[in-house]
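In order of appearance the chains are A, B, C and D, and numbering begins at 1 in each one.
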Amino acid sequence: MSTGWTREQMAARAAQDIPNGSYVNLGIGIPELVARFVPEGREFIYHTENGMLGMGPPPAEEERDLDLMNAGKKYVTAVPGAAYFHHADSFSMIRGGHIDVCVLGTMQVAANGDIANWSTGAPGAIPAVGGAMDLVQGVKKIYVITQHTTKTGEAKLVERCSYPLTGPGVVSRIYTDLAVVDVTADGFKVVELAPGISFAEVEQKTGTKILPPE
Amino acid sequence: MINKQYSSVSAAITDIPDGATVMIGGFGASGSPIELIHALIDHGAKDLTVINNNTGNGEVGLAALIGNRQVRKMICSFPRSSQSKVFPELYQAGKIELELVPQGTLAERIRAAGAGIPAFYTPTTVGTVLAEGKESREFDGREYVMEAWLPADFALVKCEIADPLGNLVYNKTARNFNPLMCMAATTTIVQTKRLVAAGDIDPEVVITPGIFVNRVVEVPKPVHEDTLIAAGRSYP
Amino acid sequence: MSTGWTREQMAARAAQDIPNGSYVNLGIGIPELVARFVPEGREFIYHTENGMLGMGPPPAEEERDLDLMNAGKKYVTAVPGAAYFHHADSFSMIRGGHIDVCVLGTMQVAANGDIANWSTGAPGAIPAVGGAMDLVQGVKKIYVITQHTTKTGEAKLVERCSYPLTGPGVVSRIYTDLAVVDVTADGFKVVELAPGISFAEVEQKTGTKILPPE
Amino acid sequence: MINKQYSSVSAAITDIPDGATVMIGGFGASGSPIELIHALIDHGAKDLTVINNNTGNGEVGLAALIGNRQVRKMICSFPRSSQSKVFPELYQAGKIELELVPQGTLAERIRAAGAGIPAFYTPTTVGTVLAEGKESREFDGREYVMEAWLPADFALVKCEIADPLGNLVYNKTARNFNPLMCMAATTTIVQTKRLVAAGDIDPEVVITPGIFVNRVVEVPKPVHEDTLIAAGRSYP
């Protein structure tokens, strides 16, 4: 029985598309896993919004530095060649187009590249945006890693986002458990299917028109 | 000799009045000036507008200040926390105001206030509900929104090493918003882990030059929010 | 025969008005001399636009560091507690209102506080403004040190500047060889005469109405 | 391992085309990347727009580049120099253009380009001829002018210590415009007095993080403009 890609496989597949030497910002959740699957012979430099380039893996618990955390407020380490800076410099890197790739999770992504990943817009919900709107507007390439559908089976790849946007027309490519999907001028287009997954299944689980792989 | 040193956190914050706008440094627990915040709780100033990236953790520091009902309005980018219910409960009960500002815009608005720039344009929020009601404008064919500077009456800041002139050095990612807030407040109050003599900090490595600092108080063994929370502590 | 204050005395008189602990930016020429006349018991911290707080006196020639100069491109030293920073931070200090006092030379200063000290506006002249326009708009108090008249006897304190302005309505106080003059809502007003100088002489050498000392 | 090192100044600048906009770091002689400028003279690219605070000294470095008629336009705050007649003579003969920008505005426009801010408001130049033709606007009852970002194709920068990732440290007031120009150019080319291994620069003291740097070339004994001028040298 085919089940598509695991979270790890989605992350590994995304990592394949990131060139050597890229400056990369990874969102919370599955995107964080990308750092575990850097292809042989490549090196990425990780940026974290709260003021570091050269973020390394989490430390052993006894080696934690309480003053060294990432944007997800998890303890991390610094690799040789790291640098610390304040928030205005950090977001200059983001907004100024200096970061090559940002990999984000999402709630919805639309055929025109719109992304909605910060709020359901439900009444009474506490809005919290963090750095998401800066990232989607500033980083050169926005990649999304997400399950193809919600837990209840609703499409996350949709014609138009129903949730409030994080940013319009910013997503380049989507890595789901079922496929790698590009956002093109003609809308969604599958560029690769997960092993054992049919285009028909992807088409059926996508909320709008999607083009088959060539 | 110019000496900005204060003898205690309470002496350093005692003139913060009701209704003041107060910036508080830190990103989550990292770089948060807990001792100054707790002194502000003891002091009791009310009706504050507080600027911080978050809304505090557990029931200590900023969360405790909010829980003590001293804050009328929060200006922040991420008011949710997995470790605190203080802000969410007050917010949902309509007892505290929120101005939500994207993190990069928050940082840049604070810097702008310190740099004498009353407004600037940014692509952040374009095409979203957070741009509603804001002026927008095209440059080179791309749309941007105008954002205003964000000054404050006071800034509460934490650093690693300070000298009596107010030159500051931070520790790792505890730097975050602290240097920007030093620039943007009328009165900047700093707690430092270590106070050294003028000249002991290499002029090349000073992150906040003393011109941005008004008061320095040494807190040699600052507590850390995460440690307090792990120990189940609350304040007062 | 009375000749009024010397350059050094003008600088010393200006220094008297600067409170202890002030952050001070000194223009090129007579203003630079202020640093030699800091009153007993006071300390000023000098800012130089090209990126230093805590500027000290010129070094002996053999102790020059070619990478340590001031905004006038003269070699200087750093005092204990100095800090280096880049130009954007340096002008944030200026424009952001963090510098307490700036002492400038001038070509003309007007009764409404206008200052003209960057260009004669003559055709063919090469315009050069440096940081003057930032300083006059950003520093909390702008003091001017100048001879009361030009070498050819023309008034430098005038009703309206004929040269292009550096900034409008920015000057607080003027130290000349003849008097200390405030810019008030009623125009120029003498607050102190140099020893042996009469108000009549000051009045005669001023290009517009000037009020006597009280 | 990521390595931005180039073997020579000429290799590092060889793709600068005619018509490029080139930022050149330094304030007067201090922090001026002389070896990179001289390589650009050897290279011969013409019709350049050059951004620097000044217009060079004597007949070396930037003054020599201008004297060699490679510069169509200078963008600077202070084009006069007691030590050079190169720019004044060409300017008065109508052979070079000048955009005069106040020093603080020049710095902020360069930073804005690096920070993704297309425009901002400043009080500088309000009420002067330099504000003529510029949009102005009131904030809180005070007038400000709008200024646009100032990006460039290339930046030529000098630093004291660099690593192969492009992390940079400067020396004293030779820092000046250099870190800002690193942020604002599409391609940033750095000459460093000393090249050290990644990890040899403390992450706390890095002034320019490597993300802003594309190429690094070691020039272990850089000449200094003042020394060349004192020796009566000219280039080429």
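The working rule: contacts are C-beta pairs under 8 Å (C-beta built on N, C-alpha and C of every residue); 3 or more make two chains touch, one makes a residue touch a chain.
Predicted, not measured: the structure shown is a model, and the values here were computed from it.
K.L.:
Would you mind telling me which chain pair, A-B or B-C, is linked by more contacting C-beta pairs?
P.N.:
A-B
K.L.:
For chain A versus chain C, what separation do you get between their C-alpha means, in angstrom?
P.N.:
55
K.L.:
Roughly how far is chain A from chain B, going centre to centre by Cα mean, in whole Å?
P.N.:
29
K.L.:
Cα centroid separation between chain B and chain D, in whole Å?
P.N.:
So the centre of chain B lies 34 Å away from the centre of chain D.
K.L.:
Two-or-more-chain contact residues of chain A, please, as numbers and ranges.
P.N.:
If we look for residues of chain A contacting two or more partner chains, we find 52, 78, 84-85, 88, 91, 94-95, 138.
K.L.:
What residues in chain D touch two or more of the other chains?
P.N.:
Chain D, residues with two or more chain partners: 108, 111, 115-117, 122-123, 170-172, 203-204.
K.L.:
Can you name every chain pair that touches?
P.N.:
Those chain pairs satisfying the definition are A-B, A-D, B-C, B-D, C-D.
K.L.:
In their shared complex, at which residues does chain B touch chain D?
P.N.:
For chain B paired with chain D, touching residues are 108, 112, 115-123, 139-140, 142, 144, 148, 169-172, 203-205.
K.L.:
Show which residues of chain C lie in contact with chain B when the two form their complex.
P.N.:
Residues 20-21, 23, 43, 45, 47, 52-54, 78-85, 88-89, 91-99, 138 of chain C touch chain B in their complex.
K.L.:
Could you pull out which chain B residues touch chain C in their complex?
P.N.:
For chain B paired with chain C, touching residues are 1-2, 111, 113-117, 163-165, 167, 183, 197-199, 201, 203-204, 206, 209-212.
K.L.:
For a test of understanding, state which residues of chain C touch chain D in their complex under the given definition.
P.N.:
48-52, 65-71, 73, 78, 84-88, 90-91, 94-95, 114, 121, 124, 126-134, 137-138, 164-169
K.L.:
Which residues of chain B touch chain A in the complex?
P.N.:
Where chain B meets chain A, its residues are 27-31, 53, 77-80, 87-88, 91-92, 98, 100, 102-108, 110-111, 122-130, 170-180, 207, 224, 226-227.
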